[in-house]
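Data block below; observations after.
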């Protein structure tokens, strides 16, 4: 028996396997391609890109934490125009399926970035979906993260939706730092998101006890890695349960948070994810995206499960 | 130089050292006393007690997670009357300073538990403070955790305050599972809490990938341990910063979340905690509360800091 | 019969004196004199795993196989069941490991000579040889039954030199083909035993209890519940047990057990890796709902 | 001068062939033939720490001390600086460790014979002997300066048998009392060197650059920024570097470095364990604010 790992992200987006990279943990592909063919990854999710080039924050930008890490990069990147000119053609040249993550400091900037992306010559051939990283600060609203507020979340989606052809689904990426994530999920979906990515990092702080000051240059950082996996599973569970109960619109979920092994990927899948991203684990093992896919296939095989799609959300039935 | 570890929790509550046990991680004292004298702990925080005896949930009640664990005990306990009859006299007999954690399914139950506690013959001699565990479900409000909602949080405090003499400060224990913890902090303090304990566990789920069902009998569990320390530090930082900025009333903070070493305790202190609780680390090392206090003293000594009180919140100055 | 669950516990960094394969298991000898001096059969130790950089926070529990108070050694038998036990099975002599013990209530031992049958399933046989010796020293006649899925999972058949031994395996690779409980009725009858002791998987303990009960035989069983602390502070390791007062409580198997009178365990609540709270358990959700209902009735009158 | 940062990386489980103390450091030899074959001086490897149960997720980076392509070995020198390096210093021969490499851009080596001065501070001297040999093989005259706080923190003074050597220690326990940069001006003058290579703490690299620059000497420095991935995907290891186009960018020291032309590093932004973003850096908050301001002006016109 060979296990059928294909997964359907809706709107005709079929991926050969459900293991993706997580935005910001794999740059834009060239670096990982030095180790293994990124065209073999289910889909390559790029680093969130804004309109203009971004220097990001000062350093330290990271702190290791128990079974995880804090990062405070500040979305360093080339800006959408350089991205479209250099990164997208390269991704196309190696035959990668890309999910492009976009960000902005205003909902208008999100729309502008989406427009520039959709206009790119390589868009149709390379971009399978767009991930709208609304887990970033909204400068107009006191720097509050969009995805902490249903109205701001909806506004971003409302402005981005008209810029993007319907055949390219929009996945809104949510933060777990909210009282009720199903409220944000509903706002994003009702405003036109065709799927959800969960979860972004948790807000954390590390103090340098030697210097008695915050360790990160940017004070707060995002907590990621296996440490947060139970929170990711819970977020996916809650939103999938709300969909099953008809409380919010049904849409595919891409799971992310602490995935390190095929078993972890299966855990998020059983909770309701139709695909799974690997982030921080790449820093421990740069071959993790490929390995996780292999382990996931082996695990399903060992359990006698012929199709990955058969286990999406099934823990809700037991 | 001997380091002065005393800490002031307000209202005349001076503790000889700032390292406490965390509620629910040390039962009610007898068990740890088999290893070391619990009267030497800064203060012993008891397991949250409700009005009636509680069986708690079925098992599995726990799942190990990377650098942490999920628990789903369901507040198993003897009920306040048995507590007052058996546990409190025992705590008194060994000379322990107790902080009694109380819980309820309704705000009226909280008040009832507080009343029964205050009426106990051993109350004055043994109870240094009361921790109001509002991070538990409010049955009247769809099981929503009190501390997820400012109004529910305030209501519990408003009913408990009149039951308790002012010389026994009330610490409201907050959950990090909210969009803005300073809003809940303000609600609790404005309603009469004289201090805050932060943080309770984060909501998490673990799926049993073998049986393809939720691992915990109670489905969700609370995530604790070193994995969550960055979140605890962040919550303490945010609330302490809001106090410094005059945005919310000033009050002592008891820090809890992932403390395993003296350095961890110092980290929470530098962020703004006037005392620190040790929880999950006890399961790894039952002598942790005593060891952490020793390590904290040694660390301050090595840094040439004469008084623990001098470093509370100082990371905000640098 | 006395218990020692209130005695002093010892948390020590113990040197590994010897480590060797024993079938599918690893037999470990560690130096922990305080624990060796105090331990009794049926008690267990909890080991921290993974060393200083470990992401595994919780200790792993193991029945004490035997102790040598003179040399201060404590022995355990470990099956590789996951990341924590795998780390332990890789320990070699000279390394150190954190050991906490002795934990739990030992098997109650009769004051008068009494014929007994001892049953061990898989690594559950580890404590049985030591228990047999303690019972024999009291003048008890002891029969021993060891069972396992396969011969490789049978521990200690060679250690039973002074005890009449019956062996069973599921696949017939050693001894009688069948379950460890299969020879039990016959043995109880032929030896006239009034006491049975069992350690092994939950279904086996339940079966032992079911065989013993109608025959008026008391079955002491050592249960194995998932434990976070091992010392009674976390409440994760509970199962429903009927107290002397007839009331069922969710009892901590780490301090009120792991040895229980099998007749007091509410086996029907335990199934498929889960333990439910019986409705008649003290403080059960069902009983609290009834209480609240009664209170509501009372206040509306 | 060529770089190899686009070449294939190797992620291997490597056997530890030898591990021995070297002063305050641990000298480790691991078997990683693919890495040994490809590596050049100035590159580094990243080791996973803590084994299978590890709660430490990130790899630790180490300059490659030397390689032996024939035997396939890679050598590093490790200081015990925290939990991760402590775990590494406890590895013994026969154990295995995950090694990723070769990482980063090697020291540029001149095509023509050129007199050079090499400076190593603390374990920063590790790559210098190999570099010296590569330079000598090209016909370069090489002077070597090794410095450290104390003699125990001086690595490799005994390895410099074919290179003129100057030693400095802060406390005078070996060689000249003072900083590794103290003898630099004199050496540059006497040797007529136009190239310097340095590896060590940031303040030392800055000082080397400051000595070299007025003398028209190019100083290649190997920086040590905190790194999460080591392969260019996380953006944690950046520092402000002026590009060939005169524009300052926050450059990744793991793939664009760790070796940089010291004159291109914006040292003034680096202080007290922190690196700030210079206002004139591409995409700096200051430049973006100016951009937004200009856009606002434009749209209001």
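So that you can tell them apart, the chains are marked A, B, C and D in the order they are listed, and the count of residues begins at 1 in each.
Keep in mind that, in the parts below, a contact is a pair of C-beta atoms (placed from the backbone, for glycine too) under 8 Å apart; a residue touches a chain by one contact, two chains touch by 3 or more.
Each chain and its UniProt protein: A, B = Dihydroorotate dehydrogenase; C, D = Dihydroorotate dehydrogenase electron transfer subunit.
Everything numeric here is computed off the predicted structure, so don't read it as measured data.
Counting only chains that touch, the fewest steps needed to get from chain B to chain D is 1.
Distance from chain B peaks, on a Cα-centroid basis, for D.
Between A-C and A-D, more C-beta contact pairs are found at A-D.
One inter-chain figure worth recording: chain C and chain D are separated by 56 Å, centre to centre, where each centre is the mean of the chain's CA atoms.
The distance from the centre of chain A to the centre of chain C, each centre being the mean of the chain's C-alpha atoms, comes to 46 Å. If you average the CA atoms of chain A and of chain D, the two centres end up 33 Å from each other. In terms of their C-alpha centroids, the spacing between chain A and chain B amounts to 34 Å.
In chain B, the residues touching two or more other chains are 66-68, 211, 225-226.
In chain C, 55-56 are the positions where the chain touches two or more neighbouring chains simultaneously.
Across the complex, chain B is touched by residues 55 of chain D. Those residues of chain A that touch chain B in the complex are listed here as 63, 65-68, 70, 148-149, 177-180, 202-207, 209, 211-214, 220-221, 223, 225-231, 233-234, 237, 258, 263, 266-267, 270-271, 299, 311, 314-315, 318. Residues of chain B touching chain C in their complex: 24-27, 31-32, 34-35, 47, 52-62, 64, 66-69, 71, 73, 76-77, 79, 208, 211, 217, 225-226, 280-287. Taken together, the chain D residues at the contact with chain C in this complex read 49-56, 83-84, 86-87.
Interface of chain B with chain D (complex): residues 66-67, 226.
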